[in-house]
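Down below is the structure, laid out as structure tokens.
In order of appearance the chains are A, B, C and D, and numbering begins at 1 in each one.
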Amino acid sequence: MDNSKFCGVVPPVIIPLREDRSLDKEAFEFSINRMIDAGVNGLFFLGSSGEVAFLTDEERMQVLHEAIRIVDGRVPVMVGVIDIETMRVIDQVKRVSELPIDALVATAPFYALGGPCENERHFRTIRKYTDLPLFAYDLPVSVHTKLDPEMLLRLGTEGIIQGVKDSSADDVTFRWLVLKNRDAGHPMQLLSGHEVVVDGALLGGADGSVPGLANVDPYGYCKQWEAAQRGDWEEVARIQDHLARLMLMTKRVKSTVGFGAGVGAFKTALWQMGVFNTNQMREPVQALVDADVAAIHEVLRINGMIEENAPIRTDWA
Amino acid sequence: MDNSKFCGVVPPVIIPLREDRSLDKEAFEFSINRMIDAGVNGLFFLGSSGEVAFLTDEERMQVLHEAIRIVDGRVPVMVGVIDIETMRVIDQVKRVSELPIDALVATAPFYALGGPCENERHFRTIRKYTDLPLFAYDLPVSVHTKLDPEMLLRLGTEGIIQGVKDSSADDVTFRWLVLKNRDAGHPMQLLSGHEVVVDGALLGGADGSVPGLANVDPYGYCKQWEAAQRGDWEEVARIQDHLARLMLMTKRVKSTVGFGAGVGAFKTALWQMGVFNTNQMREPVQALVDADVAAIHEVLRINGMIEENAPIRTDWA
Amino acid sequence: MDNSKFCGVVPPVIIPLREDRSLDKEAFEFSINRMIDAGVNGLFFLGSSGEVAFLTDEERMQVLHEAIRIVDGRVPVMVGVIDIETMRVIDQVKRVSELPIDALVATAPFYALGGPCENERHFRTIRKYTDLPLFAYDLPVSVHTKLDPEMLLRLGTEGIIQGVKDSSADDVTFRWLVLKNRDAGHPMQLLSGHEVVVDGALLGGADGSVPGLANVDPYGYCKQWEAAQRGDWEEVARIQDHLARLMLMTKRVKSTVGFGAGVGAFKTALWQMGVFNTNQMREPVQALVDADVAAIHEVLRINGMIEENAPIRTDWA
Amino acid sequence: MDNSKFCGVVPPVIIPLREDRSLDKEAFEFSINRMIDAGVNGLFFLGSSGEVAFLTDEERMQVLHEAIRIVDGRVPVMVGVIDIETMRVIDQVKRVSELPIDALVATAPFYALGGPCENERHFRTIRKYTDLPLFAYDLPVSVHTKLDPEMLLRLGTEGIIQGVKDSSADDVTFRWLVLKNRDAGHPMQLLSGHEVVVDGALLGGADGSVPGLANVDPYGYCKQWEAAQRGDWEEVARIQDHLARLMLMTKRVKSTVGFGAGVGAFKTALWQMGVFNTNQMREPVQALVDADVAAIHEVLRINGMIEENAPIRTDWA
């Protein structure tokens, strides 16, 4: 299974919603095209940033149908099969596998407490139900399990998984995984999910990144990837500084915490920049308003993402 | 909405499986009848102990259909609508509400990080889609959010929720909730999920308990409830000592941790006692074997749950 | 080593300070006498509530000298030897052992990360340096290690420790420890540190409690202990309800969290009740003021600890 | 206060012990000279790696006296003033300030639960008692508080602290701190404590690092710092790969966890390399033996730190 195409910048795609919380297909198409035009190397749908947790099974399929129609083969499509435990994940695998997609992304099981044995058997069981490349999604903040790097290496070497999307914030273990993966002949593509320190990840040997912020500034991440490819590390770091400053928008939100502040800020930025028509969120999360919107607008303005005189947008188109 | 019937002993029903991991309907019927005959005051299906996380939507409905057929109105039926975020939970609500059930049980949302606002809106949104009594399931070990007691009281007073199943291991906050609920006119039924210290919970004013261990020894918990009703607290504590010793079976498991050790031990006990035909578990959890089975058998024997000379059962019927 | 005298109500003594943060000897004497007069079975000095973490070694000795002078043998004196790692704890042991005290109380080591082996060797090493009864202080909220009950039982059976002060909030494990300690011939005195659910702890077989709140209402806890001794469990629970309501003062504090809210509330209550002359705290914690003081005053008034018309005290005597 | 000299490679000095757990002065001198000869930019004594938690006050002073005698002004000397709460830290400040040292390093208070207000007041209070440069040591793994970057910036800008030693494993927040510190005119020296990803930290703008592993391989870290100074980032990363592989020695330890595995592995490596005469640890931690020693020896051999044919050393000189 060739997995080398899963590299570079692979944004987890954020979904635009209408006021009634349904998918805004026009904005979705505009945003996807904008990222592909900027040069992203792939797109990851139905991930955490794509509000997969908040969508019913039917709505997930609607998002995916639209995504595939819009992408139309221009870049590889990775798809999250996020559900609670193994057989529910496999239900998701069966569902999405009817469509022409390029890879699956699965987390460790969550809700019921397990241990390392359960985690390993989980991925091995999923493998029995699919021939697609499978990425392990290391996301302890959501599933409350850190994937053991020895297990990942074993699964990678045996062809059970073809890569890892690392959002564990454990850069030390990630570095060790990069080294051991290299020693093993590079069976896995290792993608970092930490948009604020992609420069260090690339210098340390990551194969690419999955930055939520790339929905807002795909050009920055794509230029950064190009600079890394040609070894211009000062430029890589310089662009990272810009992206890190832009990411501070998520710290300016005062009305809520967690998902509503993070993806909520990105949606608000995309709305202010005219990419999205609203900053609507899925229940039970509420769209950011007032001071939070103003603060995000300011971050965009200071960092050159909107014009100096651009007014704060208050309407939902 | 009268919620007073949700009291006393309400076991979260553990499901027996055949070797192929499908529902063992005969054993299910035998076990349910055994608990009802012992005098339980209600039954809770599709809870954590009922492997709800491991069942596909189709399998959940199969379990529930059988459960309702078997119970046949003899005791109230509470049903877990466990899913990741609000709209997925509501999908579960719609599905189970087609059947004649008595109450719904929902956790806080999980996976995506939220805050208090999201938790409160979650329960309020669920309420819009059902007229059934709704219990908030406080289970931080699985959903990584502790439900705020002030929020619970507010939701209870306004009729959004009709009770709480507390599995938070925070007995201090539970005591305060009992007192405040009493001051507010007792709008909620407060059930403790801590099978090892039910005596203290009842002495402190809990309306009942939801003990997983009651699948193994329903008689013990029912006698304890009766003793509490007549104020014989020494007897309540004496029975609790027996139940606490029995619960030690979960600490004797060495091959795994978490769910596989907890519910795995209960299933193994039920198998050894002849109530279940196997101790099979759902993927990716494996059935306990060898030394773990022997240790659980010993706990049962020492505590009088099986005969002194009973051999260790090794067959799956 | 006879340890049976360490039972019943053993308040961890809170220290009154003058404005300059030095010990207020007069108020200290008044408060200690008040607790002894109420009938406490022992007193625990230099514990967490006694601000041991905030006192220099010299100041600790001053507190202890005063304490011993005031108590004058009327009740057993337990003394905390709280320090970071083993040899520093032993330094504290040497220092306090020059005075006529009845028992030592030591936590697991903290700051440096250890494991079960280190915890066990820690207590065994301390034992080599003292002949006094030694209590293990299980306080994971401060030392971030939960003491393993099997280890405690082993240490108790071998005579390394003579008891446990359990402030772990893990009532399930405490219940199991009570049962196993009983089976082993009761080598340890097991004291609960959870002032809000002492009723359940006593019903379940605890030998006593170490309630910080007993500084505020020693009469309540002493009456509760007497009721438990004569088996009047309804009265035990009724008194607990009162004490639980009183404890809510710690939840009314809005200006800070943790120690400043907990012991800060107790000091404020003692000041409002005229037992202390100030509610001063040790650096870097600040005394509660304004709305927090008013809220605590209200809790005291509602629960009959001060007169209905008592004004809020604003002066530091 | 000029703090620019606190930059580059500043190893936290690990202390060699004799069998009786007392300081091995000869080995101490040898190891310090080895690091200075390699070109380190400073040395940090009485830090976590220096077993500060395990030393009595008297022993701390002995270590520091020897350290100052040996260093003899060749590089700046930073000194940890690690104690539980503010006034105890200030006691340590007074003690070490009698000696000619260059900077103090203090953590947030620990043991008693505090909040942001207490943390900030802690550093402000320490400042009143010293004129030396003061570094905030961000070490949540030990003190269970993450220092708020806004607070650090405020303290830095006001001259309360002169730098940060960041061992928080939160590279995202560290990156933001670097940017904001730069915007504020660089009032603080920001040193990373993550020896496995120093390359990314330096590329991102860190002023230096405090790597425990530099006791084992000071040459590696010094060459890396030089490469970074001249902008040869591929070389910086190449050296980091070597150091990351060397650091894997800490993951090879199977007999214990935490400090005993981390600093225990470093001491074992230094013993095997002939820098230390033993790998003895302070109570209650035990020296590594047998398979753990062999595994560390193998890591050293594979990574060129000892000769290919070097036997495993088993004697304590």
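Simple rule for what comes next: a residue touches a chain if its C-beta (ideal position, glycine included) is under 8 Å from a C-beta of that chain, and two chains touch if they have at least 3 such contacts.
These numbers were taken from a predicted model, which means no experiment stands behind them.
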item	value
Geometric centre distance via CA averages, chain C-chain A, whole Å	49
Chain A and chain B, separation of their C-alpha mean positions in angstrom	36
Junction residues of chain B, two or more chains touched	none
Overall pattern in which the protein chains touch one another (line/ring/star/complete/other)	ring
Interchain pairs in contact, sorted by label	A-B, A-D, B-C, C-D
Residue ranges of chain D touching chain C (in the complex, touch as defined)	48, 51, 53-57, 59, 82-88, 91, 109-115, 117-119, 121-122, 125, 141-144, 256-260, 262, 282-286
Footprint of chain A on chain D - complex, ascending	169-172, 175-176, 179, 194, 196-197, 199-201, 203-205, 231, 233-234, 236-237, 240-241, 244-245, 248, 251
